[in-house]
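By letter and in written order, the chains are A, B, C and D; residue numbering begins at 1 in each of them.
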Amino acid sequence: MLIIMHVNSTEEQIERVKQKIQKLTLTPHVIPGRLRCAIGITGNSGPISPDHFKNLPGVVQCLPVTKPYKLISREVRQEDTVIDLDSVRIGGKEIVIIAGPCSVENEIQIFTIAEKLAKMGVKLLRGGAYKPRTSPYSFQGLGEKGLKLLASVRDKTGIKIVSEAIDSESLDMVAEYVDIVQIGARNMYNYSLLKKVGQLNKPVLLKRGLSATLEEFLMAAEYIVCQGNFQVILCERGIRTFSDYSRNTLDMNVVPTIKQISHLPIIVDPSHASGDRKTVLPLARGAIAVGADGVIVEVHHEPENALSDGAQSLYPMQFKQLLIQLNQIASIMNRECSLQR
Amino acid sequence: MLIIMHVNSTEEQIERVKQKIQKLTLTPHVIPGRLRCAIGITGNSGPISPDHFKNLPGVVQCLPVTKPYKLISREVRQEDTVIDLDSVRIGGKEIVIIAGPCSVENEIQIFTIAEKLAKMGVKLLRGGAYKPRTSPYSFQGLGEKGLKLLASVRDKTGIKIVSEAIDSESLDMVAEYVDIVQIGARNMYNYSLLKKVGQLNKPVLLKRGLSATLEEFLMAAEYIVCQGNFQVILCERGIRTFSDYSRNTLDMNVVPTIKQISHLPIIVDPSHASGDRKTVLPLARGAIAVGADGVIVEVHHEPENALSDGAQSLYPMQFKQLLIQLNQIASIMNRECSLQR
Amino acid sequence: MLIIMHVNSTEEQIERVKQKIQKLTLTPHVIPGRLRCAIGITGNSGPISPDHFKNLPGVVQCLPVTKPYKLISREVRQEDTVIDLDSVRIGGKEIVIIAGPCSVENEIQIFTIAEKLAKMGVKLLRGGAYKPRTSPYSFQGLGEKGLKLLASVRDKTGIKIVSEAIDSESLDMVAEYVDIVQIGARNMYNYSLLKKVGQLNKPVLLKRGLSATLEEFLMAAEYIVCQGNFQVILCERGIRTFSDYSRNTLDMNVVPTIKQISHLPIIVDPSHASGDRKTVLPLARGAIAVGADGVIVEVHHEPENALSDGAQSLYPMQFKQLLIQLNQIASIMNRECSLQR
Amino acid sequence: MLIIMHVNSTEEQIERVKQKIQKLTLTPHVIPGRLRCAIGITGNSGPISPDHFKNLPGVVQCLPVTKPYKLISREVRQEDTVIDLDSVRIGGKEIVIIAGPCSVENEIQIFTIAEKLAKMGVKLLRGGAYKPRTSPYSFQGLGEKGLKLLASVRDKTGIKIVSEAIDSESLDMVAEYVDIVQIGARNMYNYSLLKKVGQLNKPVLLKRGLSATLEEFLMAAEYIVCQGNFQVILCERGIRTFSDYSRNTLDMNVVPTIKQISHLPIIVDPSHASGDRKTVLPLARGAIAVGADGVIVEVHHEPENALSDGAQSLYPMQFKQLLIQLNQIASIMNRECSLQR
């Protein structure tokens, strides 16, 4: 059930609706829009009668919500969600480019890469400090030391930071240092972690699980949003299929499909999808052309020496080319890409 | 083994190399290039010594070929294969658009659609006369009657015809009437049929099988080419995965990957990949942006009454929009799309 | 629609029902049962009124059939289909073991293997004369020469022959020489070939396609049966998934599921599913334990020299062990396995 | 690297090897065997020279370990790991049956089911108190209240308890109350949680992830074992494939394959694999026949009223049949199944 409020509804009226919902032992979710606000209801097992609300002051309409995903649905909020990070807005007119190495390896590495990227106009730096690795014997990331390096990169260059949290402990740490908290593909089903990022007041980049259906992906976002954090950026990064020439199979169709279902922004990770830098550039172009709000791309100044994922990391020169090409595609899509050329 | 001939090598010299190959009970394949010709050798189980050929007149170099696919490989022919159909060239600078209904249903239907498409500048019409259907009780196509309708459409509009052959019998029929013979996804492993189209002197549109690996797809093309027919157009149309919101999962990455491996043109079928007209347009844009040589798209003037695949068929108005958008993407890709707007 | 006839209905009465069906431009399929006969109707697009038939003499009941598969369904025939080959009955109480090499390679090879198998009590020999191979440059089978060798093996040992047809031409040949015609996984979607084997009066072993859904598999059988050939043996041989440690993923669940839906016998091919002889034996045990009517297993006297699929071929000694173990499982399943020990 | 100690090596000698390893800044893992002990080394990036150890007293041999999984490998420990829970031993001669409802719902439910199972001889009860659910709005389990009910069931019936932990918080709780901690499929990639259960002194039931490769599954176990907890029971529960008639595709082949690679016990969950009680029984039989050490099966006294997974829960009568049949298969496999009949 979604309750649509008047354009001029007062805070008092909204409060009254919330109280009425709570009295029914259900949960209200206030969803602010540009013109008017709506109030979503969750916690019901069956349908709720609109009679409870339709005569309350300020209420315009009571709409049933028919999908399993509620708060992330366009039924509940028609306008696109735009996440504002001062220097960059995600999900708006601008195409967003997140770039950087797979892992923070050391001071020289991260500063070298970040400065190259900042000079090209990149405003969001990726870099893992906590790495979920298939082998317990592989490099697991620098941990807090890596986060501190990222923070000092931000201090020096002004670039904003995206980094992954892999559990409750690292989440506290990551949330303290970064601008966007990433939840990786392996943790998309980690509902306890999703609930916790749902309680942050910080944007979350949620990657699709290796074998997640569309519905599971959207429900993972719902787990975050229903805790109160609406700042979720979805990310398609390839799914696991029989096709073995690439690391994963990038499911491009999910982009326009999600755009129809949900108001959340969605970006694409061509680097993990491909696993080979040779096809990262065309996949990035394809992503913008199908309607993605941006891409997240791995770049390393010395990929052959990278501690992880070197084969899929672009050289800085290749990344520059990517920027030029994405700018061109963006203009056709009626979008902007405010990078230096 | 690939034998590279001099720019000025004579027919006689080429003939002599061929005879030498045949004497070793192997098979020569003459592969003409823009500048010079090369001669591929197949039929060997192990490596062949270059000593047999290196001193023959006209021979420049003897290269070992290391991949299982030989004749379709860029190792063997570096330039792109371009298939010339007079009014349209596939694999060249121009982006190719093939459009039309899933099946030929009757005279009014096919003429109505074809005339609309021809007016928009479409030069290649698709339309099935033989339909491989999951159920023996479903509409199986009009057969030869359908092919005759397609031929009369060509006579009237000048549009070229693409239609599917499903077995030896229909192949004889289809090859007589159409300009490009289509081999559908279900027949990609039908090696007997592939050998037969390999003996035609007619372009072949080869669709990737539902569960074909990259190597299997390329080897299916090799089956055709090694019979002498180099006019093969590859087509990615989505693979079968766990992902169930779309009919298939379009594997976009295959396009730039194949462009690196093979000289054959490759197009994309967003209609069968999606199964829902709502995402055909963005997928078509994505296809051109990743580097495809064209798209094949289902269009119907009354999709709600189509005998097959109505849900994925575009309305003519939507198709017009697609043309405009693909033109824009093509220009960024440094390609042309010579359709009327 | 299924028309159930009286236990004592006459041929004349059956004929009259058939004529009535044909008058409605539909197709009758007479399905003999142990007690009584039923007549299936296909060719209708919507439901048929029972009024046409319910008053005809000999008609007991008119049942609507709700599934897309009709004639292969238990709705239409409750008793198990048993295929009788004199020395062996498939789908009955007996567990059936088909064994032999992947390909017929030469006289010594096929006689050596067949004699070893016959001595162990095996009554059905597999061996490919026409091989669908991924590469056009791989060994494609001995063709008719291979079929002749198989026939002479039968003459000498009394063992019955199972061999694959890959197209119309080879079908004519194969059908002439063998006792059971095999349609391989790659041809499961080759509906033209299915129709042709549907017109044979010979048992057909139909393998599930690499990416065939349950419904597609059953509909492929329906293609055969609706042409009049009810002697179809289904075969699960593993499907294509992301799981890469084995050649395919054996979908054991399909066995009990099909047993509930269809009256056709179903066997399992653990050799192609695994790709490695080390797990063929346990998978064969599992197959009988889930309720399969038998197994088809690759055996070679010198697997290391096999022209195809050596890694998955059992040594004769391993096969003997397999026989002993399957006998034990069969007895628990209340089935027989009449092999020599 | 694996260091094999003398049958009569002393604690002092073992200690000295450990110290030597630590001096190289590597990690020693003492692996006790029936006859002798071995010491695994992890933490090295490249090969280690045996020269460091071969002359130390008590050392018999220094073996390189070539697989990415080390401690769980048969290279490191040839004998089967047997987990001893007093009343029941997992991985030994006995076939283990774990049964119970998907979720603990209330006192009457769990006592009713547990008592029926105990009477039939079941020694291990499953029942979820913390449930990872796709929707944040679905029943999430009773939490600690559920664990207390399970503990009181154990007090009354003597049955041992298996229940799932979904995060650090629930792990502390679950480990306090239960006998075997379950890590569900959705958490197989949750390496932080795996490390934590690796520090418990309690058996762990580790389910394979929905899209986990064999190597990823084994490496997840390695995460636990390398923390010191060798009591890991692997569980195959079906993988995600295109095949849509069942909830998942049970990958039976993984059982004999893992038995060859690893010394850890492995059981099968036919209930989650199938999703439909109609095929749970045959799949359970198949599991024992391919060599699994047991099964975990959902049983509910009123499946139609279950709060989760009712469709796949067996009725107690069906479960009784399952016991009888598994007993028979076990005897053929030369194993025991000490349940009442």
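In this section, a residue touches a chain if its C-beta (ideal position, glycine included) is under 8 Å from a C-beta of that chain, and two chains touch if they have at least 3 such contacts.
Quantities reported herein were computed from a predicted structural model and do not represent experimental measurements.
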item	value
Chain whose mean Cα position lies farthest from subunit D	B
Matching chain pair for B-C (criterion: over half of the contact pairs shared, by residue number), options A-C, C-D or A-D	A-D
Selected pair, greater C-beta contact count between A-B and B-D	A-B
Geometric centre distance via CA averages, subunit B-subunit A, whole Å	38
Distance from the mean Cα position of subunit D to that of subunit C, given in whole angstrom	38
Length of the line joining the C-alpha centres of subunit B and subunit D, rounded to whole Å	50
Of all residues in subunit A, the ones touching two or more other chains	211, 215, 240-242, 244
Contact footprint of subunit B on subunit D as seen in their complex	211, 240-242, 244
Touch list for subunit A against partner subunit B, complex	211, 213-215, 239, 241-246, 249-257, 260, 273-274, 278-279, 282-283, 285-291, 325, 328-329, 332
Parts of subunit A lying in touch with subunit D, wherever the complex brings them together	42-43, 68, 70, 132-137, 166-170, 186-187, 189-193, 195, 209-211, 215-216, 219, 222-223, 226, 240
